[in-house]
Structure formats: structure tokens, C-alpha cells
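Remarks on the structure that follows.
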Amino acid sequence: MRALSKGSNQEPALLGTYTRVRERTESICGPLQVEDYVVQPIGDVSPPKWHLGHTTWFFETFILVPHMAGYSVYDPNFNYVFNSYYEAAGARVIRTDRGNLSRPTVEGVYRYRRYVDEHIEGFFGSGEIPGEVWALLELGIHHEQQHQELLFMDIKYILGHNPLFPAYAEKKVFDAMRVSPKRTLSFPQGIHRIGHGGNGFCFDNELESHLVYLDAFGIAAEPVSNGEYLEFIRDGGYGDFRFWHAPGWEWVNKNQIKAPLYWHLVDGHWVHYGLHGLEEIDPGEAVCHISFYEAAAYAAWMGKSLPTEAQWEVASEQINWGQRWEWTLSAYLPYPGFKRAKGAIGEYNGKFMVDQMVLRGASVATPKGHSRKTYRNFFQTDRRWMFSGIRLLA
Amino acid sequence: MRALSKGSNQEPALLGTYTRVRERTESICGPLQVEDYVVQPIGDVSPPKWHLGHTTWFFETFILVPHMAGYSVYDPNFNYVFNSYYEAAGARVIRTDRGNLSRPTVEGVYRYRRYVDEHIEGFFGSGEIPGEVWALLELGIHHEQQHQELLFMDIKYILGHNPLFPAYAEKKVFDAMRVSPKRTLSFPQGIHRIGHGGNGFCFDNELESHLVYLDAFGIAAEPVSNGEYLEFIRDGGYGDFRFWHAPGWEWVNKNQIKAPLYWHLVDGHWVHYGLHGLEEIDPGEAVCHISFYEAAAYAAWMGKSLPTEAQWEVASEQINWGQRWEWTLSAYLPYPGFKRAKGAIGEYNGKFMVDQMVLRGASVATPKGHSRKTYRNFFQTDRRWMFSGIRLLA
Amino acid sequence: MRALSKGSNQEPALLGTYTRVRERTESICGPLQVEDYVVQPIGDVSPPKWHLGHTTWFFETFILVPHMAGYSVYDPNFNYVFNSYYEAAGARVIRTDRGNLSRPTVEGVYRYRRYVDEHIEGFFGSGEIPGEVWALLELGIHHEQQHQELLFMDIKYILGHNPLFPAYAEKKVFDAMRVSPKRTLSFPQGIHRIGHGGNGFCFDNELESHLVYLDAFGIAAEPVSNGEYLEFIRDGGYGDFRFWHAPGWEWVNKNQIKAPLYWHLVDGHWVHYGLHGLEEIDPGEAVCHISFYEAAAYAAWMGKSLPTEAQWEVASEQINWGQRWEWTLSAYLPYPGFKRAKGAIGEYNGKFMVDQMVLRGASVATPKGHSRKTYRNFFQTDRRWMFSGIRLLA
Amino acid sequence: MRALSKGSNQEPALLGTYTRVRERTESICGPLQVEDYVVQPIGDVSPPKWHLGHTTWFFETFILVPHMAGYSVYDPNFNYVFNSYYEAAGARVIRTDRGNLSRPTVEGVYRYRRYVDEHIEGFFGSGEIPGEVWALLELGIHHEQQHQELLFMDIKYILGHNPLFPAYAEKKVFDAMRVSPKRTLSFPQGIHRIGHGGNGFCFDNELESHLVYLDAFGIAAEPVSNGEYLEFIRDGGYGDFRFWHAPGWEWVNKNQIKAPLYWHLVDGHWVHYGLHGLEEIDPGEAVCHISFYEAAAYAAWMGKSLPTEAQWEVASEQINWGQRWEWTLSAYLPYPGFKRAKGAIGEYNGKFMVDQMVLRGASVATPKGHSRKTYRNFFQTDRRWMFSGIRLLA
């Protein structure tokens, strides 16, 4: 999840948003122990302290360094530590080595945040700031919101793969999404406009807005539930090659996949790790932590299809979405007329437009105000540590 | 490359086609030494004798065994050796172990071909054969034609990676494709029908024919030439991250890619391995053996785009195509209404519809009569041992 | 480094030793930040908090659980977390996953230590304890001392591979070992007894004491210095295959080894990471952090040999040893008459007697009182994160 | 298996030996199909045509090129193809790529052999040849004999891992070694001389002859039989960690080892692949194709030990040896006084003296006249495609 902008900032309000978003990031980390901030159990999962530093580095590198006269970099070594993937911004720690770094300490990272926050607030609070620098601030805020969701994903992975299964919080962190009785919605054939066309903020990958032709289609009003998915498991779905793509079948067998991520079969019934500990599977809740391979296999077992991202966007006003990212049958490719921005910011989205699939919607872990119907999320076909689910065409 | 049918066979003629296609396969192997039939330098490349056996196994397994009364299998062990990827047809040699098998010998595989040919000819030559069995024969013929192209790809790889660079033939095997002065073609916006709609044979992945909306676009009448591609190389294209997708940039660096496959820099100028030995690069010929990553990087360097498969198909009547497979900006995904066939044959195409990109057109190595404008070829983004090139939008 | 005993405990004093050794372990960790306790940059290096827990688990598992009536296990999950390699003691975290565990926290591990210490002290302080249980206590103490040295090795690796090169301490942690002018010692041919024969504690791998015949030999009184080793580097020793074993040559080329571990070439001169930060190489100090491959290559370059462990032990009274582990030309194999103990404790040493070489002596990081001339340390030929050096025959 | 000499050649007879040994190599390959000469199912196994070329390259490179005036190299590319591991002789095909080379053809390799044979015979048949060049001829002959045994090992692997289990010959290739009723031999303590001391040919690794002290020991007169080894299997030896070294236990589990190489459990009883096809296990024959890990585990299960190479050599006059290489408890390390020769020939043995164990004796596949009691064979601890067995101390 990464972004670039089509500006919409309302400048006076933005600085307040900045402060609230920065605080929210830290409050997400509030329940963590120092040790939880440090580890990286798999390459995809970054240590929470790295997220705290990286989002800060983003503001420092793309706003303070080039635009604030006399700004003094907090620590020149931090560029090496906290650059994620920007080739234009220089060498960096190999992604899978992030969990090998005990320093800077958590406290040191929080000090870094204070320093950058003070400078951002000072800089934007006084004097004439050009519109394109305000746009960078807005982009940085959205970027940090993306990392808020990544924090939930990564914290869940870190705690959910610890043999002690420690709780992040004492009670449910997210409200359960109860899936109501099944309804199907129908849409006639026609030409539709998709992509972002309004004035609000969007990432560059939502542009350009363009026309698509769609045949008539039906789509489920609700995502697939745990109970429905359990029938697939009980019917032997994970053991029958006919439902799987060839690389999906390899993935299932090589990794001995038997159920969604975080599910465990204990004494013959399924439990899963939620952020407040292990608990029973609720059959009425939307299924979560599903890879594209699993979503496609479930659809094949049902004799149905996943929607394309165009179908999804057309239907989005009438379906119930927002608690699970929903896999689509669309590859993550540029929209007609897509252009990469100049410089390091141009690496935000465009260079990932290959070998991934689009997910639409939002999840329980998505920050308030960070979702819209044109939003394009994307992951490789075997990934499932995000809060991803399934919606089928009728 | 794999297929399934929408029938079109004209039954009396098909048996003659069968004989001619089977002979053609063997004539492709005519110049080989026995040793050349055996090796497998990388997992993607199969030993030529495996292709000879596998195409034969296809006719035996899907026609003779289920439909010819009293047929006696040639050798029950061959199913294990020559099954490619059909889970429904049982266990098989791991793909990367094909080159470890010295037996059956080349002569033994030719005997197997004789045996199956006699039975196919006897079976179809006498008596009442149901239409769907004729359809399987037609499918098997198209399947063998696909392996004819794979034979050229794999033979070139085997000989072209031998330190002695032995020639397959004394003179040029394929006519050079000379790229004429650049023209651009324009197409207005509108709704178009793509996919296979007529009566002739097609694979299942070309179905269903359906409508798409396209904005106005321009497209080059000719593919990119060696000379044009050399400018990209000389401009440092392989060393500049800005033109590459993130995984493409990793691929370039990990594998130290500096030029298309088969190119070598000798004493400061580029030569390449053609099937008749090493020779100078001809700047006027269409560039070949290009991965998707390279095609996309070249397009980015030019500030242009690859066409989608719908754009390509709409333009196909007016452009010069057929000597290089052309990478498109479309992922290999099912068309609306696509259905997998029942049984092993249903594994032909559908299970590969993920993590690959579509190539359109045909190449110099494609058998006569095996190409059509709706044909969907597909490979992973890093593959380039097929005869693949680049066409750009204007 | 692991052990088993031939008892020597003087029971009343042992409990005091226990307390002092346990405190020493914690004082080694004193300068660490919480984050430093958690990471595992390579499989060989364990997180410091794991060492703290594992040594505690050893006392709990092998003494309190089987021998103390009514003992209540601190946390049944800890066996899974803190078992190192004892198959007999049940399943355990994969070694390379130790650094993925943020829980138990550092504070939690210290609480575990308190609990076990109190029970050990209570148990041994009151009542009749059989001799073989005292022997287990002595073994556990020696085991913890081995982990004290591992702590120094692992802490150095963690901090020395951090891009910020943080200091463990402000001043030198270990006194430099100055190598004095070269002397050679001569030993006549004869039969010698080696291995542990006295009454003091030893590990099982030092038994049985036995006779060996040695030809006359000469040996250097001092280990090789940094200055001498620098000549090997400057003479191109790392780039000349003639000095290397075949797998050593592969190791050098694959890992681009150019100097001992922790050495960096900065602006044309060599510095190394010591526990108090980066500093200049001192040519007069003994070279350190050397693999067997490097030791053997250096010897080959000098036209000399490494001593066998028997030669080393015979010479040990007259040479200057104790600040670097010294590679020998002896493989780690059982002495004549060696026997594995019954049960889990029997896994301590015997199962590692293959594919490793013996190092003799001790290092600056070896705890006081934990070295003797018969001690057999052992590592694989490519390892060098221990404090290892080189001594040559004359 | 590789070598260097302490000369013993009787010059007039040597040329006749040369011719006979060269013919024997080709007669070993007589039963092969062309395809069998080409494949390399694992890195350790070389294609038979590679052996034919490499042994020829050895004579060309180390005798004809440096010593025969006016000699014209057969094909300059062959150095790249047929150099095994001599760094001093230049770049070479990566070992694991030998099986990817279809050219030169088998017939081409035989032509190469003819050419070199004619030149060797012409060169040594006429004129004054210095003694050290005769010594190289003798070394080359012993080298080729080593490859004769490798040919049997590799041919057996190639055919024995083919799913068709083709026979190399119609009847038994090697006489079965029947193990007679168990006897034990005793040797008193004392000082013994081991290593090669006489005038005959030996490899450099058998030098220098030197003294060793041995305690009294007993040793089995016969190697372990299939029947005895079956008891270990039936007792669950492959599933009980207590008998295995730690890396052996990993090897067993990772590779799911259940029995010696070439053994298959068919309908509840054990068969094995011999060169004439699959056959029942003969309980009275010596067990074969055993790794060091298995030999050591068997010994542990019996509560006994493997002999050291010194014990073996001292006992060699009285035990029954010669049909299985016998694992010893000695690592492959240089004898006291060992010196590498200058130049490429110096790479023959010395650079492998690390990370391997010594095997003593000879096997059914060892050429006549190529064995002696001081011969030191060596392999890594997990290898077992050589004809290796087990002998125990009493």
C-alpha cells in the first residue's frame, strides 16, 4: 500500500490532521511492550519501530530536507535505516534485515518523531508554503495512514505467531462484522466511468478516470462468512487440485495450508488468533486473512467468480463493504493515461504495477477517512496477513 | 502454451492433418544428435525427446485409452514419464528431473510414436467415431503444434547455452523480419467485440467473445527493432532503476542482465546466437527474446506504453504481426463467461490463469495455420526463451 | 560449546559459586538496552534474553523438575521456548526463529530467573541432596559459564552488525593481548598422555585420558598478531586459491571475504569493531575472529602448519595462551573410550562429534575458572564469531 | 578420490598398462546407450562421457601440452569443458552444469580419446623421456583407474534412479560378498608405523609414513551384513535420535531416509537396485551404499565404535577387506610431514583435506591393482553413492 496524490488539501485544516494522525499512530502502539517493537518474523512484516521511523523519515526526506531552509537532519544514519524502497533516496537496510536492528531504540525513534513533528509544525505554521508542499504534507498523512493499517497487520502477525499467543488488548479491538442473510444485486449492461474523478485526495494509481463496458452482472451484497468458508474446508477444498490454480496448488502443498491464516484446529474445532487472544471461530462473521489463491479456489468450489475491480466499483454504492479488503479478478496494472511522477515520489506506486492483484474496499484496520470506492489496494497472490476476504459474483 | 477447444474439425481432412503434423514434429528434430534430445539445462526447457513422448502420450491418454476398445497401453511406465502437469492423470516425474532420464532412449520414444500413430490412424480410419472424439483429435493436433514451437525454443536454448555454440542448421532457419520505416495507426474510441466468435478451432481461453470499450489510441505498425533496442542499451537502460518495475529491477541485478537473451558482447560489439551459430546483430530486424520486464522498461524509457490485449486485437487487421510474440499490458485472466472443461482436459488452460501476462500474435517458430488474431499466449514476467518482442502504443 | 561432567564438586562451596555465576551472567547484560536482548541477526547468534532463559531452563528441567519434590514449573510454555537442542526434552522453537519472539519479555525472563534461583537455593540449602544432583548443579554452572562467553560473542555480533555501530561499553571491555617478540619452543618425540585425568570438573568430551605418540615438533610461543596477518592480506592471500582448501575458496568467493570478521577498510586503512566502538587495528595484538579456513590459508601462505590438539596440549604448559581460542588441525571426534551419558544430558556433547574442528585454549571472553588445558572447544570450519585466533607450528 | 605420486614406475611396462587401462575404461561404458552418457541427475554424479573426456584431458594437459614438442591441442574449447577442479588450469563449466552439455557428442569424445592415445603412445614410444614425465604417466593411469570406479558409481546412480530401472548388464556385474560367521581379532597396545613406506606407487596423501600409538583393541574380521543392518532398521533405528549425530538426524529427517541408498520397500519386503536390475536383499551379503551418518548410527545402536584409520591399517593384514569401502572414525587430514606438490598437480589431494572422513579398503568396483592397505579414500559424511559399508570394533 503506497500512494501519490491528486491534490485536495484544505490547507488550514491539514496541520491539525497531521497532528491527529501522528498521535493515532502512536496510540496504536500504546499497548506494545518494547520487545514487540523490534522483531520481524517474516520479510513482509516490519518491526513496529521501523514503521514509526519510516513514516517520520518520509516527512523529513520529502518535505523538510528539500523545502525548509536551514533544516538540520536529525541523524544522517537514519536515511539508511528508514528508507523503505526509494532507489532515488539512496542505499538502505535490506528489507529482511529490519528485524536485526536493535538500535535506534524505541525511545530513540520516539525522540526522532518529536523532532520532526516540531519542525513540521513550525514550518507549516509560519510563512508562505507553496501549494505543492502542502500537497506533500497531505500525501505524507495518507502515507502514514497506510502504515497505521500495516501496523495492525504486523502487530497481529508478531503476537499471533508467538507460541504464548499474547493479547494486544483485553477486549475485542475491532467490532465483528456480522454477515446478514444473503442478498444478490443485479446491474444491467452498460458503459461506466471508473477511477477517481472528483476533487478529493487520491493516489496516482486511481487515475485517470476512464470508461469501461460491462455486461450485465449480479453480485453478492455481503462477503463470504466463516461459516460458508468452513463448508469449503469440510468438503476437502484444500485437498482437491481441481479448485486451485497451478501455483496455488503448489503453495497449498508446499506450506501445508489447511485453513486461513491464524486458524488453528484445537481438539477438533477451529479457533483463531484475534488481537485479544485465541477465540472460537464465529460462523456469522466475514472470513478474513485469505490469499488470492484461496479466494479463487473458494469461488471455483462454489462454481462462481470473483468480481473485477470495475464491477466492484460500479456495485460499490449498494453493497456492504469496509471490513475486509476484497480480492478482485483484476491484476494491478496502470489505468489508461497513468503517469509516474518525477523523482523519488514517482516510485510510490508505479513500480509495483506487475505481478500483483487488486483488492478493493477497506478493512476494520483501515483508518477512518482513508477509504473511498476508487481506492486500489494490491498484494501478491499468496499474501494473506492483511485483513482480506472474499465477495462473489452471483 | 496450452489449449482447449471450440470445435471446428472437418473430419475427413483431420486425419491427414494429423499425419502431416506428426511428421513435421519429427522433421524439426531431424538435425539433432542423440545427445541433444536428452538434456534440460533449466527447468523451463524440456528435453526434445520428452516433447516427442509427451505429445504422443496426450493422444494415447485422452483418445486411445478411453475411446478405443481393446487398446493396449504401450508401456504403463510411460504415464509417469510423459505426463506434463495433469493432476487427474496421476503422479509424474518432477518437471526439473526430465533431464535426468536417459531412458526411454530416443529410439524407444520414436517406436512409441510409431505405435500410437498406427493406432490413431487405424482407429479414426475405420468405423463410426463420435464428434467429440474427433474434437479431441483436433485438440491433440493443436497441442502438438504448440510443442513444435516449444521444440524450437528448447533446442535453441540447449545449443545456444553450450560453450561450443553448435549450429542446429547450416543456414538461417527463419527468415529475418525486417522492420520497415515507422508508421503509426490510429483507432477511434468505441465498443469492440474481442475473443473468438467464429466457427474455426480455438482454445478455451479465447472464449467467450465479449464487448470492451476502448478510448481512442494509436499503435505502431511495426515492432521494435534491434537497432532501436540498442539505443536503450547504450543509454544505460539496464542500469537505471527509473525505467523498471521493482521486481524487474531485482531480476536485472540478481541475474546481471545486460541485453536480450542470446546476446553476447564480443570485443565491443554485440553478437547473438541464432540457430545457425553466432552472428552479428542486424539492427533492422525485430528485437527478440525479451522478458516482460524488459519490454516494460523499454516502453518506460520511450515514455510510451505497451498495448492491452484488447487494443492489440482491435488493431490486428492493420499491423504487421507474426514474427515475434508481443507482450501486452494485460494479465492472463479468464474472459467473462470462461468455463473450465470437466476432467483432465479442463486443466489445459484454466489453472494457469494467474501470475502471468498475455502475449499476442505469433512468431517465426509458430507452425503454419496455428495462429489467429484471438490467440492468447502467456508467460511469467521474467521469461524470455520464447520468440518474444515489443510493440508500443503511439 | 556444551558439556558433561566428571564430578569434582565441593558441595558446600558450590551454592555460592552458583549465586556468583548467575549474577555474573546478568552483569554481562547490564549495559544492554531492552531492544538488544531480542534480535537474532543470524541463526548462530541467539538473542541475549534467550541465553538468560535457556540457562535457567537447564536448571529447572534437569534439577528441579526431576529432583525437587512438589516443584511447580514456572510456565509450561517455556520448555518450548527455551529448550536448545535436547530431543529428549521435547519440541522447541526452530533455532532460527528465536529472534522472532518478542515474548516473554526481558523483564519476564528476569522474573523466571528469580523464581528458579530461589528454588535452587532453597532446594540445595536444605536437606540431603544426593551427590549426583550436586553434580548436575556443577554441570549447570559450567553450562551457564559457556553461555557467558556466548553472550559476549552474540552481543558483539548484534552491535557490531548494526549500521550505527553502538558501543557496548565506553572503554575497552577486554585487555588487549600484546604479542611479544617471537619465540619457538621445541618438544622431543615421545609418548604423552592427553585428556582429563585429575579430580577436577571436566566435560565428558575430555575423557578418557589416553596415550598418543608424537614426533618431535616445534611450536610458536605466541599466537599470530594483527600485523602478521595484515601481511597475508596485503600479499593478496584472500585472492590466491593456492592457499585455500577447496570449500574455503568457495566460502571466500561466495561471501566476498577480504579480512577477519568485524574488520572494515575505511579510507584505505583497516578498522575493526570492538565492544566500545570502531577503532584502529593494533598490529601488536593477537588476530581475532578467524575461521578455520582462514587459519589454514594463513598457515599455507607461511609454509607452516597448525598444531594438532595433542601437540597443543603437550605444549600448553610453556606457551602463552588464553586470549584467543586456537584452531587445531584436529577434527572434533570422540576420544578412545568416550561414552555418552544416558538421557537428555547425554546429548550435551556427543551428538556434535562430526563435521567440526577442535579449538584449544580459552579467550578473553572465557569466564575466570572455566578454562583448563584439556578443554575441547569446537566449531564448523567457516565460523568466526567466537574469539578465535591462530598459532603455528615452527 | 584424487591422487599424487611417490613414483614406482617400471618404465617399459607402463605404456602397456596405459593401453590396457584406457581400454578398460571404454569397456566399462560398453553396455551404455548414448543417452546414458549424457545425464547428471545430481551434482556429485558426472555424465559418463565427461569422465571419458576428463581423464583424456588430464593426459593432454599435464603431459602432452607441457612436454611433447610440437603437440597441437585437440580442441581449445575442451579445457573449459573437461577441467574438473584445477584452478591453475583455468575456467571451467560449473560442476552441476556438466549434464546440460549435449556437445561434444559421445562419438566426439571417443575421437578425442583416440587422438590423445595416439599421441601418448607415439610420445612415450620414441626417444628419451625424463623420469618425472614417466611419473606423470603413472599418475594419469592411477587417476583414470579412480574414474573407472566413479564410472560404476555414476552409472549405477543414473540407471538406478530412472523410473524404468533399466539393467546395465543381464547378469550380476560384481560377485556377491558373502559375510562368513563372525570372528573378532585382537591387537595389543603398541607403537605402529602407518602410511606408505615402500617403493611402489602411492598418492601424496599416504605420505609421510609415521608412528602412532594405539591402545589394545579388537576388531570384527568381517563387515556388517545386510541381515544385521536390517535388524537396525526393524528396531526403528532410523527414527530414534539417540543413535544419530545432530547433523545426521537432520539429514535423516529432511531427506526422509529409511534405508541404504537403492533400497525400496515393495509390498512389505526390501529390494535394491543392482546393476542388473531390482532384486531381493541378500541378508548374507555385506551392506552397501551407507553414509557416515548411518555407519555411526549403526555403531551407536550396537554400542560399539568404528575403527580409526590407524587401527584399520594395523589390522588390515588379518581382516577380510576389499568389497566395500569402510568408513573410519578418522577425519581426512594431512599426515605429519605432508606437502602439496607445486603447480596444478598439487591441487590433486591437499585442498580437499577438510570437512570429510576417511574410508579405507577398496570395493568391488575398484580396479584390480588399484588398492593397497595405505590407500585413503574420503567423502563427506552424507554421501553414499560409493560402494561403502561398515566394520565395527569389537
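Per-chain numbering from 1; labels A, B, C and D assigned in written order.
Definition applied: a residue touches a chain if its C-beta (ideal position, glycine included) is under 8 Å from a C-beta of that chain, and two chains touch if they have at least 3 such contacts.
Just so you know, these numbers come straight off a predicted model, no measurement behind them.
Novice: According to the touch definition, list the chains common to the neighbour sets of chain A and chain B.
Specialist: none
Novice: Compute the centre of every chain as the mean of its C-alpha atoms, then state which one is farthest from the centre of chain D.
Specialist: A
Novice: Distance from the CA centroid of chain A to that of chain C, rounded to the nearest Å?
Specialist: 45
Novice: Based only on mean CA positions, could you tell me how far chain B sits from chain C in angstrom?
Specialist: Computed value for the inter-centroid distance: 58 Å.
Novice: State, to the nearest whole Å, the distance from the C-alpha centre of chain C to the C-alpha centre of chain D.
Specialist: Those two chain centres are 37 Å apart.
Novice: What residues in chain A touch two or more of the other chains?
Specialist: Within chain A, no residue touches at least two other chains.
Novice: Touching pairs of chains, which are they?
Specialist: According to the stated criterion, the contacting chain pairs are A-B, A-C, B-D, C-D.
Novice: Taking the touch rule as given, give the residues of chain B at its contact with chain A in the complex, in rising order.
Specialist: Answer in residue numbers: 85, 87-88, 191, 210-213, 215, 241-242, 244-249, 292-293, 296, 300, 305, 329-331, 333-334, 336, 340, 346, 351-355, 381.
Novice: Give every residue of chain B touching chain D within the complex, in rising order.
Specialist: These residues of chain B touch chain D: 33-41, 49, 77, 80-81, 93, 97, 99-106, 158-159, 161-164, 166.
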